[in-house]
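For reference, the structures are reproduced in the following blocks.
Note that chain A is present in both complexes that follow, paired respectively with chain B and with chain C.
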Partner chain A sequence: MNRGSGGGYDRHITIFSPEGRLFQVEYAFKAVKAAGITSIGVRGKDSVCVVTQKKVPDKLLDQTSVTHLFPITKFLGLLATGMTADARTLVQQARNEAAEFRFRYGYEMPVDVLSKWIADKSQVYTQHAYMRPLGVVAMVLGIDEEKGPQLYKCDPAGHFYGHKATSAGSKEQEAINFLEKKMKNDPAFTYEETVQTAISALQSVLQEDFKATEIEVGVVKANNPAFRVLSTEEIDEHLTAISERD
Partner chain B sequence: MGDSQYSFSLTTFSPSGKLVQIEHALTAVGSGQTSLGIKAANGVVIATEKKLPSILVDETSVQKIQCLTPNIGVVYSGMGPDFRVLVRKSRKQAEQYHRLYKEPIPVTQLVRETAAVMQEFTQSGGVRPFGVSLLVAGYDDNGPQLYQLDPSGSYFSWKASAMGKNVSNAKTFLEKRYTDDMELDDAVHTAILTLKEGFEGQISGKNIEIGIIGTDKKFWQAPL
Partner chain C sequence: MKTNKNQMDLEMNLNAPHSMGTTIIGVTYNGGVVLGADSRTSTGMYVANRASDKITQLTDNVYVCRSGSINLSFASTHLTLLFYLGFLAADSQIVSDYVRYFLHQHTIQLGQSATSKVAANLIRLLSYNNKMLETGLIVGGWDKYEGGKIYAIPLGGTLIEQPFAIGGSGSSYLYGFFDQAWKEGMTKDEAEQLVVKAVSLAIARDGASGGVVRTVIINSEGVTRNFYPGDKLQLWHEELEPQNSLLDLLNSSNPEPMNI
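Up next is the complex of A and B:
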């Protein structure tokens, strides 16, 4: 005699459903998609580039305060796709953790270590009833001293993987299909190619051409490992290069 | 543990005497990728499928087989994030034992302590059971050993075992092929054949992981 569903609670807190699923985690993924933004990350031979849409819903809003791209340390960047408020707490905690790491161990926190820390924290929220999972997918980028350019993606379930290219948000699957074709033969993109692949992937998937003010672009390069958000002029250069290329 | 508002167990008995949350956890394990282990006369081998969600994922960033001590390795079926938590706790327990007794922890002790953690999460307030089953492979003074730990916290020693999606076919295959005096090389070969049985798509060095421990008592991953 099986009691069937968990008394209806399996949808409210992170306990198992009869099929062995965690509904709250699945709903957190839906919340990421519901934010209506798509993000893309591409790892090249010696650089990493992340791109996201910049939707400013109200003309009265200060555009400079609307951002999904956050520097965690001088060398680590984080692109948060999903619920902005959850993103801000995640960024705040990540910044604290990275700073403590630098203080404690005397060297900069590597990309994969930070990603693991974020993912492990997300896992705790999937196992303890008192905190819900965060509705954020985080893409962490940086140049690793030993492994070179790194791009990691951490999701609400606590999974994290290194990626050659990836996407998150509402058009995630379309973007991944596009990127799989581009990255099929393990191309070693230069910095310009990396940025242009990322931007053109976003344009193709959303089927619109952007103005430089409608997207945010963040990069790290091996010869300049500081995380940098590109200015509108630089984005314009890349957009022009893409349209001339096509 | 956690907020006092959740100081009641989420895993409670059903009228028929079952702990349904643990059963659901086992269902989650059963839908995970297949993994298996074989104990030979002179060593142990564990293996798993490594199917990644996309070709864009960098497979070198993923390691499903982990070592807990230099002579004990572990593989899982089920939820990866939960596995990482258990690996971290087990490694700490092994290290604490070593600090206290100046000896490497025996396999049975580590298994017992890890299982105790898994059991805690089926009874404590405000938490759910772990959605993983573990296969622990080790070689200590008692020889080669293979243990399977379930989300309930129960564990058994096995000569050969499998978990995850293809468990029934894999176990049947292993039952036919297992012999008590198997050598380690044969066991590795059999492990790969068993994985191949239920594999969807083309098996290759990039989508499986193999962990081996022999009489040298050093757990290592076979580079494929």
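Up next is the complex of A and C:
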């Protein structure tokens, strides 16, 4: 009974290949890249900032309805990179879970607890034949009551880690290389530096200068822990500051 | 019967009709709403809390005045034990906790503040569909679509939108007062003064209402909470001047100390 290659099913459902790989999970990562969007997240001394491209493929589309940046609670934000439909169902479930947590336990769901919940759910999909993994990498941001600003990233494999800075999407690796140089020696970025590092990382990696309407920026600050999506005017201020600096 | 005094008090209460010892009020004015309440929580003749806050936040722009009884419909012999273990809660608190939870999710999914109408409807659904609950609630809030609104949700779970609403045991004494004193289109200060005066009148006549008067004003600019200590309220017909302390006798220069 030697099914050397799993009967070819190891590519179709989430079971191991003979080399110990889960093809479906790997394909999920490819789906994230295939969406053609790159996202960046940076954690500063007292703030966290996430940036993503706002690609509107069709001129007839209403730009205001295109978004990858979602509030989960008043204090938690989620940036979803990858398949938008999968992103929406993840966001819906995360919203329900975070609201229920707040109701049941009487305090706001912390960033790492939500990330762990998302990661645990993703892991379940890697073990069940009837459900595929979601083609989404989720970056969760918020201000933790005890630990301060937090940035977590959850992927289709069920991994989750806290990051000082990270990236996801098609130009993930180039962005991480750029960020590693910027984050050497543990700089304690102020709010403005955090936002500008994130935006300039995206600009450098994609080798284009953005207009305010082409990117989405979400922030949380220690002195204003509500999750906020920046307006086009605010993004413009940061873009101007970056170009004047360079 | 060998019961300690506490249990006897509570047992007396179980058989008596539940009267929702409270006075709660909500009025609309030109630009928003004012909610008001007394601060007495009584169990029988014992004042369990003389400074309670009966005006509870549901969202940034919607608050609810709560009146109602503690749920006594189960485990009467274990009542005291349950009370100390914290398993007893006012029905109105449970309802407002649930609605706050629902409204929070609704707000996130809608992408903007919930309206006072939605809050009132959620409360009504819980109240109407769970008739074992005993709650009399007044929902008040401000939203950009309809401005300031007051909704009354009395015992059976009816929902009615009104220019002003009164509730609780103390409200019995206020129906005539409001018939005479209420007018449409008051200013913010007029409305708040009306509410404070009304709660103060009810406190004077209703034994189950007392303590301080709390008000919450909600309008387009936000929410303001005010506090009026009980001893600073206006005295009504035939009420005595407050006696501050018998120590005043020692400090008074009056040679006849009993002649106060």
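Just so we're on the same page, the second predicted complex is superposed on the first by the 243 of 246 C-alpha atoms of A that agree within 3 Å, B and C clash if a C-alpha of one lies under 4 Å from a C-alpha of the other, contacts with A are read in each partner's own complex, and residues count from 1 in each chain.
Here is the rule we use: contacts are C-beta pairs under 8 Å (C-beta built on N, C-alpha and C of every residue); 3 or more make two chains touch, one makes a residue touch a chain.
Computed from a prediction, not measured in an experiment: that's the story for all the values here.
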Q: Could you look at A:99 and tell me whether it touches chain B, chain C, both or neither (first, second, both, neither)?
A: second
Q) Which partner does A:159 reach: the first (chain B), the second (chain C), both, or neither? A) first
Q. Any idea whether chain B or chain C touches more of chain A?
A. B
**Q.** Which of chain B and chain C A:21 touches, first, second, both or neither
**A.** first
Q: For A:183, decide between first (touching chain B), second (touching chain C), both and neither.
A: first
Q) Who does A:206 touch here: chain B (first), chain C (second), both, or neither? A) neither
(Q) On the A-aligned overlay, A:72 touches which partner chain: chain B = first, chain C = second, or both, or neither? (A) second
Q: Enumerate the residues of chain A that count as touching chain B in its complex and touching chain C in the other.
A: none
**Q.** chain B-touching residues of chain A, taken from the complex the two chains share
**A.** 1-3, 6, 9, 13-22, 112, 116, 119-120, 122-124, 126-130, 152, 157-159, 161-166, 176, 179-180, 183-184
**Q.** Contact set on chain C toward chain A in their complex
**A.** 97-98, 100-101, 104-105, 108-109, 111
Q) Inside the complex, what are the residues of chain A that reach chain C? A) 71-74, 95-96, 99-100, 102-103
Q. Touching chain A in the complex: which residues of chain B?
A. 1-3, 5-6, 10-11, 14-16, 18, 20-21, 23-31, 52-58, 60-62, 79-82, 84-85, 88, 121, 126-131
